[in-house]
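Naming follows writing order (A, B, C and D), and every chain is counted from residue 1.
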Amino acid sequence: MIEWNGNKLAEEISNHISDSVVSSDDHSVYISKEKIYEVLKFLKETSGFSFDLLSSITAVDYIDHFEVVYHLKSLITLSKATIKVKLGFGREDQPEIDSSYNLWKGADFQEREVFDLMGIHFVNHPNLKRILLWDGFPGHPLRKDFVTNSQSVVDDGEDK
Amino acid sequence: MFEFIYNILDAIIDIFIKDMRYESYIITAVTGLIIAFAVINGVLGGVLVLIWGERRLLGRFQQRTGPNRWGPQGLLTSVADAVKVMFKEDIVPEEADHYIFNLAPLLLVIPVFIIFSVIPFGISLYAVDINVSVLFILAITSISGLSIICAAWASANRIAIFSALRSVAMLISYEIPVGLSLVGILLITESMSVMDIVIYQSIPFILIQPVAAIVFFLGSLAEINRTPFDLTEAESELAAGYQNDYSGMKWGLFYLGEFAAAIAAATVFSTLFLGGPNGPILPGLFWLTIKVIAVLFFIIWIRASWPRFRIDQVLNLAWKGLFELTLVNIVVTSIAVIIWTDLDSNRLLYIGLVNWIFAFPFVLLIFKLLKTKKYQSDINSSSYYPVGSDSPKFKKEIK
Amino acid sequence: MIGFGLIKGLSVTLRNLFGPVFTIQYPDKRVGVFGLAKNKNLSVLSLLKSYPREFLFALVGMAKVEVRIEQFPRFRGNEFVWYDDRCTACASCAKYCPLGIIEIVTHASGENLQAGENYAIDKFDIDTGRCMFCGLCVEACPYDALHMGTDFERGNYHRAKLVLDKETLISQDKNPSSWFRPQFEEKEYNPWDSDLGDYKEAGRHEKPSYEKIKQNWVNKRKFNG
Amino acid sequence: MSIKSEPITINLGPQHPSTHGVFRMRVTFDGETIIDVEPIFGYLHRGTEKLAEERTYTQVVTLTDRMDYVSSMLNNQGYILALEKLSNITPEPRGVWLRMIASELQRIASHLVAVGFLIQDLGAWGTPLTYAMREREKILQMFEMLCGARITNSYLRPGGVFMDAPEQFWVALKDFVYDFPSKVDELEKLLTSNEIIFSRTKDIAVLTPEQAINASITGPILRSTGVSWDLRKDDTYDFYDQVKFDIPTHSAGDNYSRYLLRVQEMRESLKIVKQCVENIEPGPVRPHHDEVPFLVRPPKGDCYVAIEGSKGELGFYLVSDGSISPYRWHVRSSSLINLTLLRDMLIGTLFGDLFVTFGGIDINMGEVDR
């Protein structure tokens, strides 16, 4: 399998969808938040890319912004690519991004997981609710500003 | 047996008291109690041994040891279990219907013991000989369905209701082929008494009525909820089915009833189809025990080897398979019975021969109808998803 | 044909019915007379003489015989083996522990400085109640002072008793596992043979001679300069 | 005549004998037919990804053991590959062969568990399961010889494995490789042609390749729909390009083909183990301490590495900020994502098919919830 060069892929994308590529490096392409759905749709449905398998969606908290990372794979062209989106500058409480559920059903649980643990809202997701933690859990634990409460360790009933 | 004990008691009483009032009634009652005590305790002991035997055998089938700690070879394991069950806390769910909840285990256990009243343990070793005892057995066994639905309904548990509905559906479906499978025997022996049937079996009826025997065996497996028809308490689906909310001795009664039913089914099968207590030299009770153990071994063996059916397959098998088989069996047997009316010793042979000839084509036909075709192996079949069919746009660039 | 696969399945289970048993009965198993005689290495008659009570139990197959589970030298067990003499209280183990369950308290000792014993150990606690036996502490120990143990029968009703303190570690049996200790494997060492009380045998290196230390020192200076 | 009926909703789990852990399904039935399923997870959530952020790179290996606890060697392998890629470590060949042997054995063990429990869900009273566990026991014993632990191995280290295999391991492996095919044959004789298993699993919960790929479903389930997609071949890692093996595929996409595929994959894995044993040569099993220190400090950056786990594509996304512990560690757990289409697969089937389908997907709650 071949990995797409980020710069090359950025060129291809910006030729078709204007104002979508923010920057690029050797491994990944940074797409603007507004155009992400359009770009993913383009990548999925255009022959020559045909990214039919959404390998993984995840998000990283870089303190000043969040980054949603898409790892795409293509069974047809036997290639893979990394798409990144920067969002939520200035510690937005609820950064929003378009859901890719309508392109890949595989995004269902992964987007819910990102929402649950990182607090990124996926617009147009049909069932966006917490998946691993319970409803009403305070905060989103994978954010860097989440305070782990050491007091919540279960008392193991030590006999004195 | 009844007369035997009655006479002994009569003689003993005559020694001590003369001119006792209502003497015959009292002695009848005492005799009945003694026989009931003997039979019920015999079955209870049998259940304990069966539980141990089943666990031990299943263990060996699976290359485990099975229980071997309490008593020699673990024989006392089920005794220890029984003691444990008796001392466990009896929990009744708050929303349960208490009376029915408590009644249900009894309803399951009592009919099973009643069945043993008509079973001949030896040629003249029986509690009662009713002239319609085959019908009696069929009637009594269907009470267990009522018990299960009582238990499920009273415990107000949805999973239990599932189990009970499955159980009733199965019971209703399998009652019919089981009942009809015995018609062939009744036609041959011209009697509904189990004692007559036993005496008639110079050749075991499994050789003369093979189809009926298979149908009856499968049907009784379904009625006692054994693999492959253990849908009622399918552990992987319904946890424990209708017993979900039972604990302590009430649960113990269900367990007891289940295993006693297994013994009862094996006993009835060996009485009706394997010749019951008939056998050379040794006493009848010995032969019956041997046959019952053989049937139980087969039941356990099946449990160790096969998975269970789905509910629609179970009902399909009953209505589309076994039901037709029994009808065919009745027709073939009745024709044979009409042709060979004289009661010489070759009559059974002829009827059996006809049955065997007709049995197999029909078995095959019925199973063909059940639509089980051979799996077409499609290993390494050409994938119709175009993996690697297109090349990426930057083919020349090597990463 | 219908039923053929089912019958094949029955034949497989029937064959296994007479096959060997794979259960390991731990901690003891029940044996009959011959099993007991074989275990005690006695003839049946002398068994009756020397152990009459057990013989009676064995007659009904209820005599107990101890069973050990088969273990392998790299087994990562419950007790840790720690050599006081090898430990320099560098606390590498405590740093590498993912769960932070090793607690070390030291003070400057001032004695035997050249041998590396700058610190005296006040406290060396391993809370095995929270340990996951990953063995990273053993991997981290530069002086082969800490080893995984091979014991696993340390069940207890009190969590506090699961903490291995310094005294326990010094006084307990020492059966170190060969997890991350290649020198044990080279010697084909078997942890269950005997206690390894001698700390000199547990180490990876010979104690360097004065000449060698001096040579190393000079070499290092040479390359860096 | 029509019977008026009312749907009934049942919570199956989290305490249920066949949910393979603590999984909950809110199922709505109409009679015995399933009309709605909602999977609910999180009962085993331990915050592994958060925990990793305060552990060093080597310590994270112990966390990967505890994710999918029936295939911990494969988890180790995926994580170590990601770490090696991130910090540009060249592994030692002998270490790579050893970890290939270990992970293929683990794949066999995992598939044994999957097959055993699938048949257990069908209602076979534990017999095939104990036969499968009997074989798995041998593999676990070999793991104990290798690394002193049976389940939570922590055998792999950046650059190879932590220690060379002992002599007795090779003896046991030889016995196992010689013995195992006959045991698989026995298992197959008991199960494959069994009419009850066949009629209960055939044409149940059928997936088409398009559906499966669209829902990111990978691994044996994807291959059972007829797509020849195996990361060992298609995105090769370690020395999988130097060994010869086939990717078995089936076009049916139902429960039966999933079962059969796993049995065939066990044979293929055994083939790989044999070739690894032939190819392995003496040498160091991990780079010297000076090259790869205990505290690995990868340069700033990120990488995503996916391997073919026993349940599908097992991906690890590592972000490094140059310190000794990962800045972000994400696991693409195949178990969780393979459940995406559970609802679509189950609707319209009967209660009896529910857990069979669930067992056919072969999930592990440790990996689903992490």
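Definition applied: contacts are C-beta pairs under 8 Å (C-beta built on N, C-alpha and C of every residue); 3 or more make two chains touch, one makes a residue touch a chain.
Computed from a predicted structure; not experimentally measured.
Participant: Enter the minimum step count from chain B to chain C; a value of 1 means the two chains touch.
Facilitator: When the steps are counted carefully, the minimum from chain B to chain C is 1.
Participant: Sort the other chains by how far their Cα centres are from that of chain D and give me the top one.
Facilitator: B
Participant: By CA centroids, point me to the most central chain in this structure.
Facilitator: Answer for the innermost chain: D.
Participant: Quick one: report the Å distance separating chain A from chain C, using the average Cα coordinate of each chain.
Facilitator: That gives a centre separation of 46 Å.
Participant: Can you check how far apart chain A and chain D are, centre to centre, with Cα atoms defining each centre and the answer in Å?
Facilitator: That gives a centre separation of 24 Å.
Participant: Could you grab the centroid distance between chain A and chain B? Build each centroid from C-alpha atoms only and quote it in angstrom.
Facilitator: So the centroids are 59 Å from each other.
Participant: How many angstrom lie between the CA centroids of chain C and chain D, rounded to a whole number?
Facilitator: 30
Participant: Please output the residue numbers of chain C that touch at least 2 other chains, ranges allowed.
Facilitator: Chain C, residues with two or more chain partners: 2-3, 6, 9, 12-13, 16, 22.
Participant: At least two partner chains per residue is the criterion; list those residues in chain D.
Facilitator: Counting only residues that touch two or more other chains, chain D contributes 127, 131, 134, 190, 194-196, 198, 213, 227, 229, 234.
Participant: Out of chain A, which residues touch more than one other chain, so two or more?
Facilitator: Residue numbers touching two or more other chains: 75, 78.
Participant: What residues on chain D touch chain A, complex-wise?
Facilitator: Going through chain D, the ones touching chain A are 41-42, 45, 47, 49-50, 211, 213-218, 227, 229, 234-235, 302-304, 306, 313, 315, 317, 319, 327-328, 330, 332, 336-337, 339-341, 369-370.
Participant: Touching residues of chain B toward chain D in the complex: what are they?
Facilitator: 58, 61-64, 158-159, 161-162, 227-228, 230-231, 234-237, 239, 303-313, 372, 375, 378-381, 383-385, 387-388
Participant: Over in the complex, which chain C residues touch chain B? Could you list them?
Facilitator: Touching chain B: residues 2-3, 6, 9-10, 12-14, 16-17, 19-23, 25, 30, 60-62 of chain C.
Participant: What part of chain A is in contact with chain D in the complex they form?
Facilitator: Those in contact with chain D are residues 1, 27, 52-56, 58, 60-61, 69, 71, 75, 78, 80, 82, 104-110, 113, 117, 130-134, 141-142, 146, 148.
Participant: Which chain C residues qualify as touching chain D in the complex?
Facilitator: So the residues of chain C in touch with chain D come to 2-6, 8-9, 12-13, 16, 22, 70-76, 96, 98, 132-136, 139-140, 148, 177, 179-180, 182, 185.
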